[in-house]
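Labels run A, B, C and D following the written order; every chain starts at residue 1.
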Amino acid sequence: MKKVTIGVIGAGRIGRLHAENLKTFHNVVVKSISDIFVTKAWNWARDIGIEMITDDYQQILDDPEIDAVLICSPTDTHPQILIEAAEAGKHIFCEKPVSFSLTESQQAVRKAVELGRKLQVGFNRRFDHNFQRVRSMVETNEIGVPHLLKITSRDPEPPSDEYIAHSGGIFIDMSIHDFDMARFLIGSEVVEVYVQGAALIDPVFSKYDDVDTAIISLKFASGALGVIDNSRKAIYGYDQRVEILGSKGSVRIDNDYPNTAQLLTSTGVYQDKPKFFFLERYREAYREELRQFISAILDKQAVPVDGFDALQAEVIAHAAKQSLQEGKPISIPAPK
Amino acid sequence: MKKVTIGVIGAGRIGRLHAENLKTFHNVVVKSISDIFVTKAWNWARDIGIEMITDDYQQILDDPEIDAVLICSPTDTHPQILIEAAEAGKHIFCEKPVSFSLTESQQAVRKAVELGRKLQVGFNRRFDHNFQRVRSMVETNEIGVPHLLKITSRDPEPPSDEYIAHSGGIFIDMSIHDFDMARFLIGSEVVEVYVQGAALIDPVFSKYDDVDTAIISLKFASGALGVIDNSRKAIYGYDQRVEILGSKGSVRIDNDYPNTAQLLTSTGVYQDKPKFFFLERYREAYREELRQFISAILDKQAVPVDGFDALQAEVIAHAAKQSLQEGKPISIPAPK
Amino acid sequence: MKKVTIGVIGAGRIGRLHAENLKTFHNVVVKSISDIFVTKAWNWARDIGIEMITDDYQQILDDPEIDAVLICSPTDTHPQILIEAAEAGKHIFCEKPVSFSLTESQQAVRKAVELGRKLQVGFNRRFDHNFQRVRSMVETNEIGVPHLLKITSRDPEPPSDEYIAHSGGIFIDMSIHDFDMARFLIGSEVVEVYVQGAALIDPVFSKYDDVDTAIISLKFASGALGVIDNSRKAIYGYDQRVEILGSKGSVRIDNDYPNTAQLLTSTGVYQDKPKFFFLERYREAYREELRQFISAILDKQAVPVDGFDALQAEVIAHAAKQSLQEGKPISIPAPK
Amino acid sequence: MKKVTIGVIGAGRIGRLHAENLKTFHNVVVKSISDIFVTKAWNWARDIGIEMITDDYQQILDDPEIDAVLICSPTDTHPQILIEAAEAGKHIFCEKPVSFSLTESQQAVRKAVELGRKLQVGFNRRFDHNFQRVRSMVETNEIGVPHLLKITSRDPEPPSDEYIAHSGGIFIDMSIHDFDMARFLIGSEVVEVYVQGAALIDPVFSKYDDVDTAIISLKFASGALGVIDNSRKAIYGYDQRVEILGSKGSVRIDNDYPNTAQLLTSTGVYQDKPKFFFLERYREAYREELRQFISAILDKQAVPVDGFDALQAEVIAHAAKQSLQEGKPISIPAPK
């Protein structure tokens, strides 16, 4: 069996998740992991059987046995590592967003493309069993021509004050997943965005010129209309739903729940809350995006979410921010 | 038992529905009905036992036994009949909208108020079992402070070309119910509206400068945000849902279905479509709005949906039209 | 319009319900009502506009204007009134069961048949929108040959001690509806019954040699198998569900709920309880069974639930009682 | 990290599933696998990295490095291998049933107990997220005292003729899972069983004195009643549901579905079928039962499903068979 040898850059929550998933693939060797706080990761890495642990990602890039790297470090380090990895001849899986700056993202993506490296971006939701089913209904024309898209995307709890300060704002940090989902599901580019936003949950968001609640109206090149509603705190848990109304039918998905139990008592009918957060909800999607990344390398095929996808979602995110600031709809130019 | 004697003006679909409902109330006498096409209504009216059938609504207004009238004639006749009925000393139930012109609506409503007549407007959806439950959750603070409102309101099929031509446009004809619902559920006035609209279903809408698909973003005085999605043709049937995300909880309602049967076969799980259209879905709501109108008269209480409610929904509808035409958000001044 | 003139015998809860429903039919005159406690019914009957109120049902039978009677008096009075009404030339709607004794029921039914009166028995559940849909799926072969039937039938609270004493036991009082439903849905006669029963809810049931919880296994002449689970107290409310597994598909229905609202909070997802009890759940079914009874009279057609149906359900009920007493399965002979 | 070294006996479908699951555990070494058709398993075993592959399970039992074995060979080989494994000092995970003969099962279980080996039996469904939630509601008294248990357990398609011939019959092969589930959920022993069964799906079952459809009534020592409905072919897929009615509440679980998508078209509302069969439905449960088996070994704790559980389920299965043959309820003696 042919195997892919991987190095993981960044051993935070998402880096560890990816590494543990890769460890269960029979066609992958997770050889090394790097983190600037290397001591924190030591026990974990040894327990799951990773050979090389370092605080310097250059060691990973310099290792000729490494076929591909996962970039799971903080966003502001992405562009440089991505460029260096591409130059070092590695295939690249990069967490979203590529950067906080459209220009930097473009440079990094361009480099990977020029050098012919596979570059996949971490829009994990595309691999979710529910969203996949919706996309398949669009592709197979089961719902006809899409007219209306609705995306609900809400977190169960807001991040820390510090996280908010460095998040790049709700659109680049959180809604970016929904912008990618919008493009993915409808199969058409967004040409206009209008945002209503407010800090209703916590005034801390205002401190950073950010909002915690937003309604984002979209127009697609195809003529379809769309709307995303975001909240940083849905008290009942993570909420990830979509609905598409088409000319021949409509599809909608509900959340995932931890079980199907219904408890009926004298006061009503109860069910457990939806799966708590992205780690629970997208557990399988995280595995699947890596499985496809590995397959793309082994089979010399295109990756399922590429650099262009990364850039388009970032373009919409920046336009959304502008719309909120200027209080008017913003047109998005067609991609060149 | 004290009884209320009613005259119904207009024996079209909605006038007949109201008359038949009133006939089953033990505390109501449906004495007379008028319609300019009186011969069409003759057999129907006699069969259900209505005494007086006329083509001249003045006969109803002149009848001293009549306590209240239902105005179910075409919209462009509403303001004049409403004013005359108020002057004739009748209580009034008027179908929505009061008129196509904000000025005319204001004049008619003002007249009824000045003369102390009860004036209820036909926003029947407020009396729906589902929407009532949502409202009660807001009122009792079960969901805390509302942050986000979502209303889905879609018809199963577009009206005729002729109807569209005289409908006043989607916002005054159809979305007006949703504007009322938004105010009713959130309990706060709308202060901004932004509309994205398109004719995706049938080009005939463009002919009348109208749209068949719309996403309407709202801001409320309370700070809450909202969105309405409208379609003139949801192929699976009438779709009437709402969702409110609040600080303590979220409530959402699904459509009503004709039964709870699930059919499971080798190709999947099937259920029947939602109740077809407003007559089926709001059958009980239509009864209930009249029941409360009659109670308001007998008990000398306020009606549940008054002239002010009628005007506010019309204000939003006209602003929505303006937003679509001008391509920008429109502010709505606070009511005086 | 041709009209049917009705007399109602028995002005208890169910008699009043029927009378009020009939009052809303345009093709029915509810002329008279009788009750041995006539004073209790006086105000109610006058308010809804019933002309003649008496404590002697003979007055109804003697009235030549009366076309049909509804027998809503206590069960032990049914057979005699039914026979007298048949002899008086009236069509008959009789509440279930016809009597506590199979012999008496047979005599009464035979009399009505011999004299050519229409006799409909009050198995209202057959007219429920959900059960109707299930039956239609069987009839149209959507689920193929039925293999397994499951009926859940639970009351929200046990009746009073006094009621239990005179109820005839759970099988003749409560399960009889389910025995009729079993025959109705499968379209085949029951040939064997085996019962497991216990008094788990209240020891008072044991006092009357009765049970409050039962699992009733059935075999049908067609070869299909079935099971009914009964409880006198489902704390969450009335529970009326069925499921049929067939060779081509399976159908199942859930309860009816008062609304479709879902409340999501930090502790879970909540819905209101099912509709409380039979008056709420079967409100429309009660109307529909009378509508069809009236139509059968006006159109000279067969009634939808006849005396044979009444007797077959009673046969199963008595066999169920015997099975519980003897602790073994009881065979039911084919109807002659 | 302490690790458990495992040998798997039997490399059929279930043996491979277990082996692959164990390979993803960081605290397990899957050292060897045996199968009498060893050549068939060769490529698979090498690909997932199993060191030793043999056609003689004695090699596994003789290996002093092996801590525990999984017995996944055909049922008729279970008792001997189990006894030999116990004598060889291995902990044992044995697929259900332990044997087709109660006597042999008792001997094998007794041997493991006497020698102090951990013995876990493969009732994987206990580890399902849904059934676990039901059990927790019983344990925490959320539903009060259980009165009624209903288990639906249906396969999507019947096994092959050859499989049926050697299956031991539906009760020992299929219903045994439900008998275990009944004991597990109610927490009380079964004291009576009555079976109605028929070959409705395929006459081949009759050839082997077997049935394909059954309704199994149960009485528990606690006084609770229960019913299981089994079918060898639910055309819509695997169906695994339970419901418990208790004095304080009722709990019910629905099937698991591959996604939450609802497709609404002009002909109705459609969802995908439930997860196809046990491999899909119980994927996580299979992992979890092994995880707990490994933990029991490492932590020197009791296993979650032991030999006694295995024997009790087999006792009920044999009584069920007798009930069907004799056409009467069968009492089950209390365990000694």
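Some observations on this one:
Following the convention adopted for this analysis, contacts are C-beta pairs under 8 Å (C-beta built on N, C-alpha and C of every residue); 3 or more make two chains touch, one makes a residue touch a chain.
Everything numeric here is computed off the predicted structure, so don't read it as measured data.
Shared contact partners of chain C and chain D comprise A, B.
Seen from the C-alpha centroid of chain B, the farthest chain centroid is that of D. Look at where the CA atoms of chain B average out and do the same for chain C: the two points lie 39 Å apart. The distance from the centre of chain B to the centre of chain D, each centre being the mean of the chain's C-alpha atoms, comes to 58 Å.
In chain B, the residues that reach two or more other chains under the touch definition are 234-236, 248-250, 264-266, 272. Listing the residues of chain C that touch chain B in their complex gives 1, 23-24, 26, 47-49, 129-130, 132-134, 137, 142-143, 248-256, 258-266, 272.
By the touch criterion given at the top, residues 234-237, 264-274 of chain C touch chain A in their complex. Residue ranges on chain D touching chain C, taken from their complex, read 145, 147-148, 150, 152, 154, 192, 194, 196-198, 200-201, 213-215, 217-219, 223-227, 229, 231, 234-236, 239, 245, 247-250, 327-329.
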